[in-house]
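Take a look at this one; I'll ask things after.
Read from first to last, the chains carry the letters A, B, C and D; within each, the first residue is number 1.
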Amino acid sequence: MTAAGRSDADEDADRWREECGVYAIYGHPDAAAHAILGLHALQHRGQEAAGIVSFDGAHFNTYRATGLVGDSFSDPRVVEGLPGHAAIGHNRYATTGGSVLRNVQPFFGDFAFGGLAIAHNGNLTNALGLRRRLVEAGCLFQSTSDTEVLVHLIARSGQRSIVERLIDALHQVEGAYSLVGVYDDGIIGARDPLGVRPLVLGRLGDALILASETCALDIIGAELVRDVLPGEVILIDKAGLHSLFPFVRTARRFCIFEYVYFARPDSLVEGRGVYDVRKEIGRELAREAPAAADVVVPVPDSGVPAAIGYAQEAGLPFELGIIRNHYVGRTFIEPTDNIRHLGVRLKHNANRSTLVGKSVVLVDDSIVRGTTSTKIVNMVRAAGATAIHMRIASPPTTNSCYYGVDTPERSKLLAAQHTLEEMARLIGVDSLAFLSIDGLYRAVGEARREAGQPQYCDACFTGDYPTRLADADDGGRDRQLTFLQHER
Amino acid sequence: MTAAGRSDADEDADRWREECGVYAIYGHPDAAAHAILGLHALQHRGQEAAGIVSFDGAHFNTYRATGLVGDSFSDPRVVEGLPGHAAIGHNRYATTGGSVLRNVQPFFGDFAFGGLAIAHNGNLTNALGLRRRLVEAGCLFQSTSDTEVLVHLIARSGQRSIVERLIDALHQVEGAYSLVGVYDDGIIGARDPLGVRPLVLGRLGDALILASETCALDIIGAELVRDVLPGEVILIDKAGLHSLFPFVRTARRFCIFEYVYFARPDSLVEGRGVYDVRKEIGRELAREAPAAADVVVPVPDSGVPAAIGYAQEAGLPFELGIIRNHYVGRTFIEPTDNIRHLGVRLKHNANRSTLVGKSVVLVDDSIVRGTTSTKIVNMVRAAGATAIHMRIASPPTTNSCYYGVDTPERSKLLAAQHTLEEMARLIGVDSLAFLSIDGLYRAVGEARREAGQPQYCDACFTGDYPTRLADADDGGRDRQLTFLQHER
Amino acid sequence: MTAAGRSDADEDADRWREECGVYAIYGHPDAAAHAILGLHALQHRGQEAAGIVSFDGAHFNTYRATGLVGDSFSDPRVVEGLPGHAAIGHNRYATTGGSVLRNVQPFFGDFAFGGLAIAHNGNLTNALGLRRRLVEAGCLFQSTSDTEVLVHLIARSGQRSIVERLIDALHQVEGAYSLVGVYDDGIIGARDPLGVRPLVLGRLGDALILASETCALDIIGAELVRDVLPGEVILIDKAGLHSLFPFVRTARRFCIFEYVYFARPDSLVEGRGVYDVRKEIGRELAREAPAAADVVVPVPDSGVPAAIGYAQEAGLPFELGIIRNHYVGRTFIEPTDNIRHLGVRLKHNANRSTLVGKSVVLVDDSIVRGTTSTKIVNMVRAAGATAIHMRIASPPTTNSCYYGVDTPERSKLLAAQHTLEEMARLIGVDSLAFLSIDGLYRAVGEARREAGQPQYCDACFTGDYPTRLADADDGGRDRQLTFLQHER
Amino acid sequence: MTAAGRSDADEDADRWREECGVYAIYGHPDAAAHAILGLHALQHRGQEAAGIVSFDGAHFNTYRATGLVGDSFSDPRVVEGLPGHAAIGHNRYATTGGSVLRNVQPFFGDFAFGGLAIAHNGNLTNALGLRRRLVEAGCLFQSTSDTEVLVHLIARSGQRSIVERLIDALHQVEGAYSLVGVYDDGIIGARDPLGVRPLVLGRLGDALILASETCALDIIGAELVRDVLPGEVILIDKAGLHSLFPFVRTARRFCIFEYVYFARPDSLVEGRGVYDVRKEIGRELAREAPAAADVVVPVPDSGVPAAIGYAQEAGLPFELGIIRNHYVGRTFIEPTDNIRHLGVRLKHNANRSTLVGKSVVLVDDSIVRGTTSTKIVNMVRAAGATAIHMRIASPPTTNSCYYGVDTPERSKLLAAQHTLEEMARLIGVDSLAFLSIDGLYRAVGEARREAGQPQYCDACFTGDYPTRLADADDGGRDRQLTFLQHER
């Protein structure tokens, strides 16, 4: 489809994109059906492809497909093809190139000691170096995914049991991961020692569930047991739940951007309601950066909770001054040049009567490249707003993420290249303000950011990365497949 | 796909569904591309299938497909296959049976005098009787659509020009229609004498546009010229725009439910912002039915503007106590019985921290069968709300619509079968209130409803139908195709 | 797929192509399954698309698909979707343009008096004129098929019963047709007064069958009752079989080319084995045009029976000197120019060891454009044949067919433009001979062709057309659809 | 498609099926287009799936698809996606289970030293044992193919160059293989030391070609250079062709069944025309087993050349008494039980007029299970034959093949379980005769079979296997995938 473009690409590329959601369930006769529902609830963490592996006591059954879970897995034959009491699932964002499905998790291995399928959310920062060593030792790779590196490490581990092999492998990798796995005896969950990515434990009757967020428990009325802890490895089998802590304990560094944008507002993260945190961010923002305005308008949907908080704190009316068209699919026709120059509003439209003649506080969660902000500001201005005060519900994003989020290079990050004044001018607003880093920490309940030992991973705002970045320091971030595979 | 069900069917079936959106453009080299964008903006008026016909000076080119416009028409070969300076398009809701595409508009005829394709939003209330007469006269029908009746009436008219034939045909039909057509010389627009369904005229440079709502103009930056008037027939050709009023003038009766639910909030209808009307409805509702509560929570997305209005009028905080999952596609896996009993929350989830320990005003636009309301109330209650005061942003819907809206039979309408108290008990709320009919008229700027000559069509609330209902009085509302056609 | 070509197009375009095969069955619970088998047996009469309509007592069910019957109808859901004790089916050759399925038979009408679906093999020679009149009278056409003309004539007939209406319609049409139909009471068969196209009546237990050829009876072990007679209209319903002869009797003129090429060799046509006739043709040819050669080689598959007959009569060995690749599908990749110049042998290859150093009699059924003959002769020569004596198992084809066969215009027919000597030189053979017209008549058992009253339709050889050619005399043979329809 | 069956399965399962055809080309700008044509010419060696890998100087490009080459690879985008001057291709028969494409060759590896893709025709008789050892050493397998074993052996070889690694790997495997490969420098061909499977070397201008049979050279007019020799490893790169003989020389044992059935009649195998050998087989059979009959009739298509030879030797007329329907696709609708009892003739039909009242010699190439023979004999008898003398153009097949042919277990082989008299009675013929093993050797030009050192592999007739059968002796012949993968 080389001629087809995505005219909404600008807007999509102008968000940070979480790479994955994971789900695992053990002890339910409809394990795969639950995994499908769980992945549907986690769809916001990855919309391009999904995969599920179930174990039926004899075989591992797997189905992987591009597209939304509700579309790809809605054929009843898919569920029938995934029998068993245990299953894991995974959502992911776009893979590049023509070989989409080869990189879709879960990955699985048929080992001497049995089978194992794993999937993770996060990114291994030394995967390329490990891969190079494995290929030299005669390993055959089928994908470019860092998950496949883990599978090979497990296959070649000298340890005996699957758990020992997994832990052996995890000791060799660096980076961030919230991992789930299914093997012949049960399911596995693991979180990296820093606990960068989220993972929760839930219960539904006798079945136990692991999921990226609590909304994947809510969809079926399962109860939240607790967060899986940083550095914890959990095994769930017939005998119940086993918890291991095989790593040297370190201070936790959960990703603070999960609160800002990634997590669903109805999820509880570390016991805190995400919606509440976002409203509190809006309140902090109103205190830090007030504006003499008539109305507070969010950029929907991600700016809405902060805008409500801002409006409440500022005592200003909250209005839906921008309407979002939710029917925008994954792709849309590339308009002709002629049409493109007109500036098509596929995703957002100004709600004119709310904006005309008003001084507007416009609230968005973050600014990445600034292209969407510019487009929306133009639209609001054209609808008759007399002044636009843009308020951003996070500090300036000045650094790339290496822990499982698809971020542009630094050179493409607006805040990494420009001063506040330059940004305001480029975007075309009357005033522009970001939340301070301490304001963000206050919104999540801390007194302030502890500079020596930050309580969260905030590298995208501060450049303070909590791990080595072996591959990045080593050169490329990505590796092209030698084999470009097309199938049908 | 007989085994596949739709577990969100309950929720979807519990809204009234507009049957169509229409679009036409003349005088632009990318006419079909514009029609695609226009249909995308009108996607809320019909999501199951769409069709476009363009005229390239020699041939009419047509493409019809099920699914969202952004998916079905995003292949560049589709646009390439629809050349020409004139095009019309149509969105529609589900057709029944296996022969989806045969009923997808536009319908076209290859007449002795040339070709014509037409599409309309609305419903002809005497179509079955007309069809019976036409079949007896030897006409062959390919679909069950009332639009095809119009095409046959045009084909058999004794008049000479295409406009005269169309007007001849329109004089024979009863009901509601906002119609667009494309023929060898230009495009046509027509609105029934009562003006039940909306239709606006816009301009983009030299091109003229007809569309169901202004949001289809906004998407490409076209300007609104005016509403097409009730009973007006518009021709747009090389010579420009021609306006005819071939019907006896009658008082207009625009559908008031367009304000309540159908139209997009950012559209201007009769010059009024839909969002503003809905907020005003919320204010009226707060005045008519106040509640001692802690928080105002909308059922998203349709209840949001009224909830904002209610909150502002009542001086209560507005909170997103329910989060909607927008990734729900058209179909979703039928959960097993086991799972179904758990009550899957595919579309809505409670935002627990906002609800726990609160007395909640829950605002929704309307109640149809009551099944969704019951489900949502249960969910809000389970999340810890101490009291639920449900407020409905319209009067009780007690009668079916025969003017192009897919409504259940009266016997399925909750408000047609139960008193207010019964409804409150069935749904499980602490209190329940609907907006009064006069309150609704006040929200659209009238002093009150004029009983002798109502300013709007409000038959769904009052049973006061503005036309004869020939087919309904005659028996069946629907006619099964004798031929069930499968193609691939 | 505009870029895709058919490198075998030359070869395919260099055969005359029968347009259709028809099948009907009444009184069997698996009527549609039988129709599928029957169409499979008739696949040689039309390979591009097929359609079936069954009647289940309440509804007509229809399925139409492009491709081979064995592929398109092999999904069990297709048969399940075609219930009933009565069914008709139709195979056809390529339709042009993008709107394949609109022209796929059977065609059906939903009449005032009930439903009827019909399909035919043949061609109505006054269809365009009739269509023009019907359109002027207000009929809407959905296709360019002449069958749809018949459906409209039936719809508008003043007669009461379906049979009377059909006969009324048939009295208005000219040309050749072997027609089957299914209506609410039973099935119908009809053959034009000249009996140009074949149609046989068979029996399987209590069920009665109509089919183009006996091979469609053999596939399921049904017995042949008799040929349907020229001008006969047969009704089969609960009461049994009714035979009508509504036309003025005329002398029969069966298509003699059915013996030469169209019919399957194992079919009985007019009680004669087609294989036997073809062998007899070969014997006649050996007598008329002997050759001093070492070996007789057929162009497979159509030249095989005549070559066997020739070899037996001439006392020469019969050898498979050319091998055919039966895996050639409907389309094949367009080779690059580079490859095309090499002359790809997709369909035929020389069997070198059989040809080298030999003087070869090469037997083919007919010559149309001569392109395939030239290619094959080159190949045989390159394989080492010392002399090639081409013998054609029919007279020179000098005229187009207007009775349901897709033939090139006269200007493209080699024999219409060149003398025998020129043809021999163009094709590159050492000698070339065609069967005489009287030789052909002798092979089918006649003493000679009766010039004043020919016993067969042999217009392609003689230009002696047995009917008026109203449309052809009137100008165009084809009419472009005004509406180009794409669906999916 | 669980409900769908294959009513032609009986017939197909009643042939021995070659597992593969291979093709490789180096030095042509349209390498992949040539590979497609070559695979089309080799389609008879494998019809279920095909794969091609090309190397464009930077990347290996691969496309794999189920279905016929002419269908699967006819999309021009497929060829465009396979650029490069070097390419290999592979046809194969059915893979079992739902994971068809994972087992489709070529297989490829991304090694430390570069990339390599390989495909082979044959079967490694110690693959399961090798696989077990490799998995224990930490190798991850993606398929059950023995080809993947080779790829892992190459990946783990201690040798440096790709050729040394390949030879190292080949020294570890046992069985039969004709192998092609493409790597960053060129292409590779190899034949096992016994030369069981065929492989020829051809030339087209400057390009060199490796292919299973000469018909893959003929299709494009390439010339035959010579057969690749048993035990020869050929490298073709920029520097030209390099020939290595890394194995201890042993006597050759080419598969004699290639002459009987597998190879295309127009191919030259070991310099001998396959058609000529088959005719000679027929002559031997006529001498060994004459019959007093009226006519010789082949079971088409495989019995035709032997029947011609038999008829010529016996001085009896050769007639096409059975007609084959070549439109039978890969699947066909499962008839209802009702229909099944009637005995559907999807593939063959009796040519009644040729058989009625005749004493018939019926010639087929071999008998496997006997089900097809029984069905055909019944059909010929029902058509009126007075006597049937069945003559089989090979000795009784009494043993399974382990060298790349899909044969039933011994217990299913009719000749392994019954005497000649029993077989004649079971099949229902008046007399039955097989060619003698010495007669078969005479037909290929030998004086007789040398019992101590047979000139061919004839294990299927004699049980005299030319290699160890490590896996078979070790238990299972097949290994189920632990992971059942579904993709789309």
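Operating definition for what follows: a contact is a pair of C-beta atoms (placed from the backbone, for glycine too) under 8 Å apart; a residue touches a chain by one contact, two chains touch by 3 or more.
What you are looking at is a predicted structure, and each value in this text was computed from that prediction instead of being measured.
Across the assembly, the mean Cα position most removed from that of chain B is the one of D. Each chain gets a centre from the mean of its Cα atoms; for chain C and chain D, those two points are 36 Å apart.
The centroid of the Cα atoms in chain A and the matching centroid in chain C are 62 Å apart. Shown for chain D are the residues that touch two or more other chains, namely 78.
By the document's touch criterion, interfaces exist between A-B, A-D, B-C, C-D.
Those residues of chain A that touch chain B in the complex are listed here as 1, 3-4, 29-30, 33-34, 36-37, 40-41, 43-44, 47, 68-71, 73-76, 78-79, 204, 215, 218-221, 264-266, 268, 273, 275-276, 301, 304-305, 308, 312, 317-320, 323, 325-336, 338-339, 342-346, 349-354. On chain A, the positions that touch chain D within their shared complex are 53, 59-65, 72, 78, 81, 98, 101, 108-112, 115, 117, 135-136, 138-142, 151-152, 155-157, 480-488.
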